[in-house]
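These notes concern the structure reproduced below.
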Amino acid sequence: MASPVIIVNFKAFREGSGGRADLIARAARDVGDESGAVIGVAPISTELHRICHHFDVPVYAQHVDGVAPGAFTGHITVDAVKQAGARGSLVNHSERRLTLAEIEASVRALTGAGMESVVCTNNEATTAAAATLSPTYVAIEPPELIGSGISVSKADPKIIERSVAAVRAVNPKVLVLTGAGIHSGECVKIAVDLGTQGVLLASSVVKAPDPASVLRDLVSLL
Amino acid sequence: MASPVIIVNFKAFREGSGGRADLIARAARDVGDESGAVIGVAPISTELHRICHHFDVPVYAQHVDGVAPGAFTGHITVDAVKQAGARGSLVNHSERRLTLAEIEASVRALTGAGMESVVCTNNEATTAAAATLSPTYVAIEPPELIGSGISVSKADPKIIERSVAAVRAVNPKVLVLTGAGIHSGECVKIAVDLGTQGVLLASSVVKAPDPASVLRDLVSLL
Amino acid sequence: MASPVIIVNFKAFREGSGGRADLIARAARDVGDESGAVIGVAPISTELHRICHHFDVPVYAQHVDGVAPGAFTGHITVDAVKQAGARGSLVNHSERRLTLAEIEASVRALTGAGMESVVCTNNEATTAAAATLSPTYVAIEPPELIGSGISVSKADPKIIERSVAAVRAVNPKVLVLTGAGIHSGECVKIAVDLGTQGVLLASSVVKAPDPASVLRDLVSLL
Amino acid sequence: MASPVIIVNFKAFREGSGGRADLIARAARDVGDESGAVIGVAPISTELHRICHHFDVPVYAQHVDGVAPGAFTGHITVDAVKQAGARGSLVNHSERRLTLAEIEASVRALTGAGMESVVCTNNEATTAAAATLSPTYVAIEPPELIGSGISVSKADPKIIERSVAAVRAVNPKVLVLTGAGIHSGECVKIAVDLGTQGVLLASSVVKAPDPASVLRDLVSLL
């Protein structure tokens, strides 16, 4: 069975940039090594190259435009993200929603480049829809719980269960991540027990005074 | 077996507004009555109420925002479209793409109001994704053929076949429409023979000097 | 000197549609007749034609796409809004923001059709920018006060003063409206005393049990 | 009088990434040093940090979101662009249009960070509107000429003249750049003679077999 997965989204938080980005990436590597969990990080695009080259952790872009290289000023291509050294990308995060056609093009471009895709969704129905596109992961994040400190795995475990079932029905190869409000080892354990591969989270690690100790807590019950 | 379906999208064409909108709606009713095909029309939102009240044909909005009534200036709610007398709405047309979350919310709101939803998609993968959302129809329209005069049913029948198969695999209750470049009875016949319920089209009818005769040709081989 | 102006935005409120839309349009006509103020209404697009044809009041669309008639499914052209009988349109409302290029195209299209444009803006700088485009009105609405019940004319009169000054500096022919939180005759009086031509408002009239009495209060100190 | 300015936008061109990005940045530095012109580069965001740190040339982001650091996954903050070492950013490029409110917020955030802003516009009216926001530069690029190889300075010098006049009327401190189709020293000379500070260009340099020789030609008549 594959190792549990934790992806830490740095968003555009000040606490996730510069020296703090380094500190969190280093913590991800250390706690990943200690625990056997896969702990990835998703820094802002301007720091993607730097983090990829300095830390031996899985690195994800926060967003990618599913276009081929060309006249797309201000866009981020899969090509650029790959050259920067990333393993994959978040796609359709709730703070950067895409059209269905763009999600499909992004997943296809990432897969074509041998990279991972993590498609974020907001409910059971969109999770099933995203799963038909064959991304590596679908990360289900009920928007009302993002950044709330209230874990989806405790507040609404049914949405996780139903999402896992929906994904298995349409495309059983797709792995599911639990997002929104995840902040403790117990949240992660519930998420894994409900059939998901792990979690996508942000503020509870990125804004923590000591990210390493939060990460240790997150993997403590696995 | 259900009757074949033809939906005529008036877009924002001048030839599909005012007196011309009336003429096409009347032709849709007449040819529908003669042939037994279901011929619907999708006028611009400002003419929706008028067309619904003057012509006994299925009328669809061209776009709907899947939000509940509220502080949404410049949006078109399902509530408003229903009050206007429409039977349903196009959703995610290639000229008005939506996020996945918006498509899901629109389909859910239409279904909740007892209305039909016609989700437009651009390829086989997005067609399967849309079908998981349980709309009434998915209309597959390869963007490069829209308005081209080259019928998808002739230029790329495989995409229709694969889309029908993909929809049946994930949600067999969803009906498929063929879009893009449809202009003759032969196009419609091929579309139906490939397993779709009918066609979504625009310019070949709306811009025709005599829309009724084009509609008669479209249903002639059914 | 021109009469003071009140534009009532029905948004997508349930209380601003159907029979309620009629009631508010009738109140606008009656109170306008009694007071000499120009009281316009901005209904949802699906009701634009109906309200224009049944009530002798200035009617505005809530949104317009600045494109010529053509292949623009789900868009609302100036042509369509004019055919429906509207006098003009809101442009760039905070709930339906547009790119700068779209705002300019919309104002130009409305002006070219002999119609009025009401460009909504969020602060002094964008108000000046909008004024260079020569719309009929710029309506300054600090977003944090919209729907708050706290009137911008009381909470932040300086933003109104500075906006009026900025507009006069770049394009003195453009009239300014005060928006956000307007709910009483005193708010309107302050708005006019600060040099604006009137107000753009929504919930305080649309959601009122008796819209006519609110409108009478709004014009009471003019 | 300030030196003429050339900004080379790498877009998402393959020929403007990786080793080619280095080659063009080096050419910009060399030709800038030889000629006294200010030659800046605008690489894709994932290469911004690398180019800033390896080449002593003015570097611009291609796009920036005018938000403060925070929960904005997939966005690019001014803070991030500054930390990467950039001098400023393009704003509202035709391939990445923004709302008026976003343009204003981006220019304000860049100015507040002591950085330069280059607001792209599509015609004379939007150029004047952008100038009221007090960016460092407005770059006027008629969209139909972008990437065309037909220089705006030859095809439509009047639009440049009128834009310069409009900017001087509303905000004479703002500098104007000429964009779209620029490819030779003659184009640049005309642009400067028409009163602009220089040019914004892309494909003619980025896709050239020898970018340095194109840059030398561009500055040859200054």
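For clarity, chains are labelled A, B, C and D in written order, and residue numbers in each chain start from 1.
Operating definition for what follows: a residue touches a chain if its C-beta (ideal position, glycine included) is under 8 Å from a C-beta of that chain, and two chains touch if they have at least 3 such contacts.
Here the structure is a predicted model, which means the values were calculated and not measured.
Although subunit B and subunit C carry the same sequence, what matters here is overlap: shared residue numbers make up over half of all numbers found at their interface. Put simply, the C-alpha centre of subunit B and that of subunit C have 34 angstrom between them.
Between subunit A and subunit C the centroid-to-centroid distance comes to 43 Å (mean Cα coordinates, whole Å). Subunit C and subunit D have CA centres that are 36 Å apart.
Residue positions of subunit D with contacts to 2 or more other chains are absent.
Contacts between chains close into a ring here, every chain touching precisely two others. Pairwise, the chains that make contact are A-B, A-D, B-C, C-D. On the side of subunit C, the complex with subunit D involves touching residues 92, 94, 97-104, 108, 121-123, 125-126, 128-133, 166, 170. Note for the complex: subunit D touches subunit A at residues 9, 11-14, 17-18, 42, 44-50, 61-63, 65, 67, 69-77, 79-81, 83-84, 90, 93-96, 146-147, 202-203.
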